[in-house]
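Questions regarding the structure given below will be posed in turn.
Chain IDs A, B, C, D, E and F follow the sequence of writing; residue 1 opens each chain.
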Amino acid sequence: MKIMVINPTISEGLAESTLATYRGYASPSTEISQVFLRHGPESIESDFDIALAVPDILGHVLRAEQEGMDAVVIDCMSDPGLFAARELVEIPVIGPAQTSMSLAATLADRFTIIGVLERDRPIFHNLWRLYDLEGRGASVRVVDIPVLSLHEDEEELIQAMIAQAALAIAEDHAHAIVFGCTGMGGLADPIRQGLEESGFAGIPVIDPTGVALKVAESLVDLHLSHSKQTFPQPAAKQVVGYEHLQLS
Amino acid sequence: MKIMVINPTISEGLAESTLATYRGYASPSTEISQVFLRHGPESIESDFDIALAVPDILGHVLRAEQEGMDAVVIDCMSDPGLFAARELVEIPVIGPAQTSMSLAATLADRFTIIGVLERDRPIFHNLWRLYDLEGRGASVRVVDIPVLSLHEDEEELIQAMIAQAALAIAEDHAHAIVFGCTGMGGLADPIRQGLEESGFAGIPVIDPTGVALKVAESLVDLHLSHSKQTFPQPAAKQVVGYEHLQLS
Amino acid sequence: MKIMVINPTISEGLAESTLATYRGYASPSTEISQVFLRHGPESIESDFDIALAVPDILGHVLRAEQEGMDAVVIDCMSDPGLFAARELVEIPVIGPAQTSMSLAATLADRFTIIGVLERDRPIFHNLWRLYDLEGRGASVRVVDIPVLSLHEDEEELIQAMIAQAALAIAEDHAHAIVFGCTGMGGLADPIRQGLEESGFAGIPVIDPTGVALKVAESLVDLHLSHSKQTFPQPAAKQVVGYEHLQLS
Amino acid sequence: MKIMVINPTISEGLAESTLATYRGYASPSTEISQVFLRHGPESIESDFDIALAVPDILGHVLRAEQEGMDAVVIDCMSDPGLFAARELVEIPVIGPAQTSMSLAATLADRFTIIGVLERDRPIFHNLWRLYDLEGRGASVRVVDIPVLSLHEDEEELIQAMIAQAALAIAEDHAHAIVFGCTGMGGLADPIRQGLEESGFAGIPVIDPTGVALKVAESLVDLHLSHSKQTFPQPAAKQVVGYEHLQLS
Amino acid sequence: MKIMVINPTISEGLAESTLATYRGYASPSTEISQVFLRHGPESIESDFDIALAVPDILGHVLRAEQEGMDAVVIDCMSDPGLFAARELVEIPVIGPAQTSMSLAATLADRFTIIGVLERDRPIFHNLWRLYDLEGRGASVRVVDIPVLSLHEDEEELIQAMIAQAALAIAEDHAHAIVFGCTGMGGLADPIRQGLEESGFAGIPVIDPTGVALKVAESLVDLHLSHSKQTFPQPAAKQVVGYEHLQLS
Amino acid sequence: MKIMVINPTISEGLAESTLATYRGYASPSTEISQVFLRHGPESIESDFDIALAVPDILGHVLRAEQEGMDAVVIDCMSDPGLFAARELVEIPVIGPAQTSMSLAATLADRFTIIGVLERDRPIFHNLWRLYDLEGRGASVRVVDIPVLSLHEDEEELIQAMIAQAALAIAEDHAHAIVFGCTGMGGLADPIRQGLEESGFAGIPVIDPTGVALKVAESLVDLHLSHSKQTFPQPAAKQVVGYEHLQLS
């Protein structure tokens, strides 16, 4: 099975660690490839950033299907371009936000998102509305560290995440924690351990990168994909610019 | 007052009639300018089309504020790029879908959208979810005519719209009709008249182009705009490509 | 365009300042007339007060249509008699609560109502239920000043409103503020300024009187009104009392 | 126990049969008194009718408490004046719509309202919104007979109700039937029997008059009433007119 | 009228006080019988406890109908086995949670549950979802005393309940209180009095045992029961074990 | 990885085909074991059947954890005993209904359940309420064949399923199909093919057995399980009967 992970930024410097995270979650027989954008922003923190990332994401998605990939994961907790990408192809296209929050809703009464910046709050509220998850979201809390600074001091990041998760459990009655940025990928173990040390055991700490990858693998195994009635193939039409996205 | 109407396509051939529609709704003291995309699709019928339209829409929005426009209307019933555009500027950016459907919810128990193609259905369902209007949507019905063919036979279009609106009232208990495409702009009178002749008087027939323009004018008059807490200014960051969208 | 503003109380002493507020929002070509009740309470702070105000409100609404008014605004944040009034006439009847809260929902993730008394809370909760706005209401907060005392010390009122609005933003994650009483009409500028000085810039501060007036003007311009399927003309029937409300 | 049934109309001609219906449901130790309005409409079929009925309803409610009544039932499926009445007194004030629909929601997956006129539809939709019962309402269906004609041909009424109830079960998947007008009070047995003969056994056929009375008796027995935090006592204030409703 | 109260535990030591509570609420002509389980847990505090209680509950329900009982109350705030029991019989089967919370929603804007243990929280959240009461639940608060210790120090229990109820009103804006355990049955008076002494008058303090009994009596009086379309009779089929539950 | 599939019936005659279905979905390294009940019903078609199945299901779940199983799947579309089982153990316990319907909600606008009998309708409506999936359920449709007769004529079953699925798509606007009984496990291919031949291509046809197994495998791989805050360990207490379920 071949799965393409699309990092929706131009920040190839993160390639190695991100790829390692996804490979750490993959089944032995799954081959993970990773691509970055040629055109787009260095990180995704706004709807504006998303807008600049989507065209190149879609090019990668089209190419993934043409090259025989079995599924695609868009590596960002805002699921940039998810619906447009699903229109273009029949292979599963997976968003970490949709899959991880839907999973959290099956494992716990309510979950909290630990995001990066205060500006994440309305973005996640909108995703809850769009995905019908409002009844399961306990709160959005943030570590107040920009995406590209997440890895400057990983220990500081971990402590901030544990602190916010503990507050979410104690004050917001959250029963599960979902990472609000795929840049936090791979940190489930230390966060879980930190929560246990703070007296909060038995809390699912959900890393969306892992969930997205497992859902991708599962859909391929099950011969399932998104509905083409919900996401029908776009009509070929005249487009100026975006040469890599001309449909025929 | 100066309002920019952004037609999110490259189809400048429609410029005259669209501009006339908006000017027909504008207050005498409102100056309407209209722009089309340099890069983008010839019509918007999918999330894919939206993705290709948004970067140029955002460029126009940025320019609108720099050039002293008072408000911007994005002339499409999928509100393409609405949230990203609001992040970029402080002047009001208006989506016809959000404003016309919110207005419909204040005028009637439930409303029906008359869209163009069957593929509109899930797109409007998602807008209802995103805008919290699910409790007010009676149904989505479509005329089954692609956007660019809407004006090939206007009488056929009008009859199809009346037929679907009448079914919506009779079968879905819709009490208001909202046009599902801004390409239907200007047709409220004949549709209302056709409904009256079919025995359905007193039904608000809502043309989103008119509503969007009036909401834009009203917000300017009221010194109101979208919340910058919900739509905060994006951080300036490295972006490859999209030279017209470099923030500083 | 002629718009009647119905002040649903007998407190004509407020006539001048209220009228000035509405005229301040009106377009130059809009003629505003204002009426008070002959029978009814001196202020509206309860469902009981509403009940005593509605019959005379309805009389004014009937007369407004007969006298050629183009629209009516009921000048109170509980929208007293809104649905009954709409049954009686075909011209638009506008409620400040419905229009201002619906607008707030399009401008911000969630909004807070700044009301007068603690007893406002369940009344606004019921309006949120009735208007399907529960998903957009962050909180109800109050200044704890009765309606008729609002203007005794305007500076105190302004400071109390700023204080509650700041708490709403900081603690309830409100991204817009809506005045909970039309008696607060005209105070948007000082509240907005006070919030900016408190570090909360970019927050829409929504004065329902202005919104109601602009929506009224817009509906008239768009030849739109409420649905007569939702608000059908009442059957003429025997009524004892209420001579001014005999239908024929 | 003494319960006052307020018929919110001037149609005293119906007194005998209505009183008999309520007495038929009352416990032996419950004393039922019935009052009609001095001022108001001859029937309630609109929000306009409600507006004209409420002031006299409130007068009766005030008097009921002063005269030592234990509870009040407002005998109409639009619950006219329910919230205002609750503000005025501490004894329970019961609305047949709220109590019967809430009960239906506990007995069946979803229920259908069998109302009188098509214009009932939006009125019941609004009650579902206000009472948070939207998830339990299967449909509103109507017999298309005005309130005052309900008793002209009772057999015709019964057949029309059975026909609509059967359609509700077969087509709308309703699992319980609630009468949409208290003028249908007393007809549960023939409707239930008719449904059984049509092959629909085991369907709760809910007469709101009976439910309202039993809830009133139960609240009195339980020393319970509505919350005075939700329905606080109105402030005494200057009121012109409505001499019977001057608070002190 | 004969009503069977099923205590879904083996703790017959509580028989006398529980029976007294129910009899205290019953009408003079109502005969209350009480049964305990032969097989099952000593108290109900989890879904696991429920699972072990349900088979014997169902046996009692079957027997109740066979023995001519008019209705059954399952004496526990998790409504154990309610839906299965309703499938088995045509006489009303009443759950205290469903009936008391539905009643609370008709008496107040929002209510708080005062439960026993923190683990109650997700259980009540699930009941709110199942019964469509999410919009009316203000919060779940707990006294942190296990069910079987509730009566060890009744004064301590009462003080803990008053303290939590007062917090619910002050901080969660609850306008009614519902006991979260039928083991709290009979304590409405002291809790109400304690709240009044704390400055919170006019708050309905709802004892689910009383509500369940009154609803049972009312349904019998009204010849109403649950819908057999929603709760159809189970097919007789081969069952190993559960000899008392063989259907034919 | 070792996963136990609990068939919640005594119908061991189905063992071979059910096991084959699950093994067909399992990863090569996953070891599937299957158990049936010692005490319980021969099929699950009601809440009554569920009640009789749950105690033995729980015994198997306890044993599964003690024997070192990595996860448990409860093989029934009513998820019998799911929450109680999760209280008992820390290994993941998976319900096919919850997982398959949650997955469907991520792949399509709305989905239809194809169940066995009309009595399934309220059961699935309740699951939608409990799992917060009401906004995504298009309809419940049934083949009207009891569970134990599903395999008497598999071709007839397949044709009935295709017919109902086609109606769901054409009339209810369903964009995905979910099997309403795990006894339909393994039939996704012929149903999908039949839908394609009927002109409905691109519709996810979701077999809950496969989804449940893949979610179980994924959770184990991700070191995730249900929240022990939502499903805390039951207190050990006195239980009469159920010797296999004594906790210590």
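Here is the rule we use: a contact is a pair of C-beta atoms (placed from the backbone, for glycine too) under 8 Å apart; a residue touches a chain by one contact, two chains touch by 3 or more.
Keep in mind that this is a model prediction, so the values were computed, not measured.
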Based on which chains touch which, give the shortest step count from chain A to chain D. 2
Go through the assembly and pull out the chains touching chain C as well as chain D. B, E
Strictly by the touch rule at the top, which chains does chain A share as contacts with chain E? C, F
Chain D-chain E separation of Cα centroids, rounded to whole Å: 27
CA centroids of chain A and chain C: separation to the nearest Å works out as 43
Spell out, as numbers or ranges, the residues of chain E touching 2 or more other chains. 109, 122, 126, 129, 132, 135, 175, 229-230, 232
What graph shape do the protein chains here make by touch: line, ring, star, complete or other? other
Every chain pair meeting the contact rule: A-B, A-C, A-E, A-F, B-C, B-D, B-F, C-D, C-E, D-E, D-F, E-F
Over in the complex, which chain F residues touch chain E? Could you list them? 10, 37-43, 45-52, 54-55, 58, 81, 83-84, 87-88, 119, 122, 126, 129-130, 132, 146, 148, 229-232, 234-235, 237-242, 245
Help me check something: in the complex, which residues belonging to chain A touch chain F? 25, 27, 90, 98-99, 102-103, 105-109, 131-133, 135-136, 169, 175-176, 188-189, 200-204, 206-207, 210-211, 214-215, 217-218, 221-230, 232
Per the contact definition, I'd like the list of chain C residues that touch chain E in the complex. 121-122, 125-126, 129, 134
Residue numbers on chain E that touch chain C, as the complex places them: 109-110, 135, 173, 175
